[in-house]
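Chains here go by letter, A, B and C, matching the order in which they are written, and residues are numbered from 1 within each.
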């Protein structure tokens, strides 16, 4: 269970992010006619998948195995979708905000954990991106769709830029850690917001036809 | 190679379970026109995939790297399907029984290993479910189908209920370990049998249309 | 960054192999309309995916986290495809040669690392095959295609045969390591070349229809 007396601000943020990520997994799974268990699993994988791959690559026990809060949070998201499914579409901008907050936090957590473990700055950028985006990739593989992130790069670019900002501020300024974290989160949210508002996207490579490759 | 002098009852059960899981992977891969190597790999992944993810999450060397029996068992399953493919459909109820025995054993092994490593009871329920069901999920991803388990939850519910029963009996009774294991296995098999016999399934979430999500 | 003063012959080979694997991922991703970031990720996963799974199974930090060369190599491959995409089809035989060299090297590296860690010879054959082929499997899962390797087994058979040759020469002859490595690489390349030249392939299992399985 969860000891409520030790809740801090960052826990609230993490709960919001986990909840928003789980909601996106549950809704996409439901659209594919998954049953309640399937929706729960896809929600959980969306929420903890990125951090799990990061921790596996680091050779440490995945973060969610120490604390059942992520499980409860996903269960809460499932019940929430069951009760409010007719109204969810009216809440899309709220969920988008939650999702962006969660993404920003995940990037910060992933990059910070990497530097604390003594890896190079470029590993921190990769791990921030993995923590923020792999959950969504696994979600899309499980529902048998091409990962959205590879066609609409808003997520990924925001993660990469956020990771770079974190590393620069953390390693090359004497700024307070909290300020570095909040600045990074702000950049992630801003990049994503601007990319959607102005329909920014990366170009696609041209000139390739499927099955061109002889091997 | 394998030292036959040390075979115990649980090894026989594990061989039957591995064989049945491998058969399901090999048959589904063959239906997708995979060649012999592809069928072998899908069979192996179905049989050892769940336990492998469990061991990766625990940070221990995957169980099959210590003993080549799982490889031989999958090879035996491949040869078996090659020889008897015209008769397999008449053996479906036999394979269903083997498959259920294997599932039950995998849940027990996953949950027991978790508690022995000192993790919380809820982790044991998750690891029992992962050990029993992830092999089938990976099989379905490799053959490019939506994982069956997310639409027909018989497997998953049986794993979860079995995991809860194991944890309760193991932690809160003074029962002999063998009795706890057999009781758990019996519950898993019974739940699965009843679910199929009475067409029990979990409800699906309604009200979502694909591409509702703006992010 | 990369210290150019320490480059050895094996590094050049590894760079060529990584480059060729990344190119195949980038080209297939582009054919699916992935954007630049998506193409980069698929290229990177194709190049380092096999070695990453191998290292996760061994419980060691994945090789690419110690050296940013793999990242730069993938970036170089991306820029190369961007500039020369109209001419790439005329270079297919060159890329096929690079790809085969890379495959051969990956098999050698995977098998050698396994024996150095003290595992059994059959584990070395599996790890050589995983190192050589899993990157391509992950690539195909990400672009939502059935893994090519399971239908055209040239890759896989060459990996398995190469792994067996390496283990036999390494364990049962007093040959110099460099000679064992080059002989193995030669066998991998030869098997693949002959398989393509003479249209050799493994048979497919017959007699299965989809959805035969009641479970």
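Convention: contacts are C-beta pairs under 8 Å (C-beta built on N, C-alpha and C of every residue); 3 or more make two chains touch, one makes a residue touch a chain.
These numbers were taken from a predicted model, which means no experiment stands behind them.
Check the residue numbers that chain A and chain C use where they touch, and answer same if over half are used by both copies, otherwise different.
Different: fewer than half of the residue numbers at the chain A-chain C interface appear in both copies.
What's the rotation angle, in degrees and to the nearest 5, for a C-alpha fit of chain A onto chain B?
That rotation is 120 degrees, given to the nearest 5.
Counting in whole Å, what is the centre-to-centre distance of chain A and chain C, each centre being its mean C-alpha position?
About 29 Å, centre to centre.
Can you list every residue of chain A that touches 2 or more other chains, as numbers and ranges?
56, 59, 141, 144 - these are the residues of chain A that touch more than one other chain.
Going by the contact rule at the top, pick out the chain B residues touching chain A in the complex.
56-59, 119-120, 122-123, 126, 137, 141, 144-147, 149-153, 156-157, 160, 201-215
Which of the residues in chain B come into contact with chain C in the complex?
24, 26-39, 41-42, 52, 56, 59-62, 65, 68, 71, 81-82, 85-86, 88-89, 92, 95-96, 99, 141-144, 154, 196
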